[in-house]
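Two complexes are shown next, each including chain A; its partner changes from chain B in the first to chain C in the second.
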Partner chain A sequence: MKKVTLLLPLILLITVCLFFLLFILFEKDPNNPPSVLLNKNLPLFSSVNLYNDKEYLASEDLKDKYTLINFFASWCAPCKAEHNLFFEIKKEIPDLFIFGISYKDKPSDSKKYLKQEGNPYSFVGVDQEGKIAFEFGVFGLPETYIINNKGKIIFKHAGALTKKIIDDEITKLF
Partner chain B sequence: MKLQNFFKFLLFIFFITFSYTSFSKDNINDRYKKLTLELRCMTCQNQSVYDSDSDFAKNIKKIVKEKFKEGLNEKEIKDFLTKRYGEYILLKPYFSSKNLLLWVFPFVLLVLSMLIFIRNLKKN
Partner chain C sequence: MSSLIGFSSLCFSSIISIIILIPNSITNIKIKSFLFLFRCSTLFVCISFLSLVFAYVSSDFSNFNVFQNSHSDKPLIYKITGAWGNHEGSILLWLSMISIYGFFYSLISKSLNDFKILVLKIQSSLFVIFAMFVIFTSNPFLVNSILVKEGLGLNPILQDPALAIHPPMLYLGYVGFSLVFSLAIASLLRNNNDQDWIIETRRWSMISWVFLTAGIALGSYWAYYELGWGGWWFWDPVENISLMPWITGLALVHSLIMIKGEQAIEKWVVFLAILCFSLSILGTFLVRSGILTSVHSFASDASRGLFILLIFFLTTGFGFLVFLIKSPTKKNKLHLLFINKTSALIINNILMIIAVLTILLGTIYPIIIEVLTNTRVSIGGPYFNSTVLPILLPGFLLMSVAPVLSWQTNKLQKFRIYVIFFIILSAIVSIQSYFTNFNTWGFIGLIIGSWIITASIISIFLRFKFSLSLHYVKIINSFIAHIGVGIMIIGITCSSIYQTEYNFNISVGDEINIDNGVLKFESIDITEEKNYQSLRAYFLLEKEGKLISYIKPGRNYYPVSKMITTEAGIYHDWSKDIYITLGNNNNNIWFVKIYINPLISFIWIGVFIMIFSSIIAIIKK
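Up next is the complex of A and B:
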């Protein structure tokens, strides 16, 4: 009994430290680290239209509307898995501007992919060298961001979207 | 004699230039290796950017090389990368108030263990 009383402060301290450690590590999925860009302004970029090389879309053009930005590629299997969900999002939130960015993909392959799977995007940009993706901190495909009408990033998801994520997280933002 | 001196001078210039370029190249390569070893390949399992051949690692290696050539130092390149990828890209996180517990906790445990050990020694 005396021993336990002696060790009590130590046990208490370890418990408190463990509690803090768990608090720090809680919800920190190593496969989906939190984005530093969340609640920050949209990075500056300009992207050419996949279907018209004279048309560009710049970050300034997105500042007055809610925008969903999706990085995809024809060679990315998880992108195919989430692709149809963008049609559902479009139906559920018609005012949302859906901006697809073809990442490190040949424009001809992206066009072929969108012809086969359908094109849910309001604008399809090209990022062949991955420079736009770098500004967004993209590290794997697919990645999805939502920007509010003030130009701030309010949502980020790395990996394929699911119906549950759309229902539980995305639709609640509107 | 004058021609001989001229050639000696040329040889001297060549030697200096060659040594300088090879030294600066080695210097950049060493710094590049050191820094990429401290960066996490975010698409790999516990691998540094230096050790990985993934698309992500190749991209970061290219950026680090470019930034060194532009004259940025290690700290500036780390800041440039953490602005986009967060501190998660660093294998060794910064020492900050946010990470204080992570850094201090092992030392707190060590000191406590030593105190208990000394106390027990004195008792015996």
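Up next is the complex of A and C:
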């Protein structure tokens, strides 16, 4: 009996370490933690238009259509890498409402960036303080979400999109 | 250049530590040369760390670590602190501290040479393990492959005086337990009966505990005014993992007092000593591997995580294994009575360990669940508040009288006086809660806090004749510490339960009536500081027409990292803090959050008293 009590810390240690080990090994992609928001409702937010500070887009406005939400910034290099793909998505899925949110970026810089790279977005919102991103649990830029016509988040990707992801995962949703 | 010096001295230091580990039967080193080698190793690792600091100060961007975490525009102080504001540098600091603790131990310790060598050898093995970790996975001396003129900047949220010294303090605490660990293991391996190691363990665990306390307090003070969430403790995973070794250390320090009266709990002391250091490494592992998400966003890397997990497993496993095989076998019976000092201390020890296990469970539960079911859950304040606090409650009650209890008998001297005071106090608190809004936790917290203070003061007056000397302070020291805890409990209770929160949408020129005073929104001011742009709102606090103070909440914008930080504006008063954060601006209407935090200063005063009394306890002998 005495020995068993003394063994207890060791047993506990091994169990805990085992779980940690499994956690580290099974973490498929540390850059893509499962979003708690997946299959949940779109968080509430309201965002001002980059080009017109009287026009707002709120989460309620997105409830009846499929929407792709993309967080980007002019200072973010991987955003530039994925930028052109949105034109392709637009071509392939013309009904999709593509909503870009400029994250922690000066409006003037975002405008310049979209002028240079082209603007694939149906609406560009401003999130200068990262409040909307906070609601979405954004880890880093870029991040992309797709919301279905019932206002549920059905897709999430952290990091730059690639052609493969679009073909394998996004187009299948429609 | 500094990178080269740094890396080579790090390697030197590790090689010397490995040489030290060779058994004495082969090398036949004398104690003098052994100590010389050990101190050389310390010297080299310090040179290594200082050259990293130098690289930061001189903005040497040929060092990849400096390039990633520093910027030439940064003020000097934050260049220096930048050295440990990142993963690699902070682990190097941790490593240096392991050696420095060994160094001071070798100077101060009066143990027999054999025992001293054994302790230092264990300390050196820990050093070697962590040195391997630094060299192979977290080398801060990597050379930048491209030529750059400017760095990428430090996280602006870390550019703060409290936070600059918070990590070193915390690390001094964590790492101090490595020496306690070495002492405990050495005592097991040596299997001797002399009690010298206990006196040394007492001193070193106290020192580590003081640093840990200071580190945690600085961290929460920083969170209080920098994060702008109105609170100072969020049960964030990183906070929890610092709390676990803290509570265990507290239990250890108290158990070591017990050794004076009893001999049989040596086993328990050894166990706690091992546990303290394991929990410290566990904390490092959880933070550094990026397994837990928290406000402390550190760079994460799976290979590092595996390495620290290995260190954690080996060190703790080794500790527990030695404990299992060579555990002390002395069979003195504990002198347990219904209520004497020993039983009170043991009950408190048990409660503290249960609390630690509860926190541990809450902290790693999300990991277990994610492994088993692949869903992510988060466990926050409500769990910890409703589990940890009730566990600690009886402990607090016992604590109030524990120092007056006797070792040998069941009697509490002048029991009646305590009862009378307790009744009076309960009546006062009841009346107080009747006239303010009643809250169960508030009521309990106030009674316990004020009771601990009153009981300690009564005990001081009843038992010791007052004299104005250091000796007097030394004998009433344990009561002083407990008064500190009482003050802190009152502070925690009032600031969390009786906190009031107001939200306003106001523009410049508006006035708000708040807390019997008038708060006038005077102006918005934007200024250019050295490495950031600051926006401040000026609030004028007036009471009965008299100017009390300006409160200046605002935000800082750091152009290098394009980050905005919130700066809370706080008006301190001994009885309350008025805490203002500035939110969004919409057509010149500002969203303003105001918290009134009553008696929050008591928390810091309480912590200060606890630290003061621990320092007295360290120099007592």
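Assume the second predicted complex is superposed on the first by the 147 of 174 C-alpha atoms of A that agree within 3 Å, B and C clash if a C-alpha of one lies under 4 Å from a C-alpha of the other, contacts with A are read in each partner's own complex, and residues count from 1 in each chain.
Here is the rule we go by: a contact is a pair of C-beta atoms (placed from the backbone, for glycine too) under 8 Å apart; a residue touches a chain by one contact, two chains touch by 3 or more.
None of the values given here were measured: they were computed from a predicted structure.
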Give one of first, second, both or neither to describe whether A:P94 is in contact with chain B, with chain C, with both, or with none.
neither
Which of the two partners, first being chain B and second being chain C, lies in contact with A:F19: first, second, both, or neither? second
Requested in this report: Classify the contacts of A:W75 with the two partner chains as first (chain B alone), second (chain C alone), both, or neither.
Outcome: second
Of chain B and chain C, the partner touching more residues of chain A is C
- prompt: Just chain B (first), just chain C (second), both, or neither: which does A:F134 touch?
  reply: first
Chain A positions within both the chain B interface and the chain C interface are 10, 13-14, 17, 20-21, 24, 33-34, 36, 104, 130
The residues of chain A that touch chain C in their complex are 3, 6-7, 9-10, 13-14, 16-17, 19-24, 26-27, 30, 33-34, 36, 75, 104-105, 129-131
The residues of chain A that touch chain B in their complex are 10, 13-14, 17, 20-21, 24, 33-37, 104, 130, 134-137, 139-140
Within the complex, chain A is touched by chain B residues 42-43, 55-56, 59, 63, 82-86, 88, 101-102, 105, 108-109, 112, 116
Per the touch rule, the chain C residues reaching chain A in their complex are 271, 275, 278, 285, 289-291, 293, 300, 302, 305-306, 309, 312-313, 316-317, 320-321, 323-324, 327, 364, 367-368, 370-371, 374-376, 378, 562-564, 584
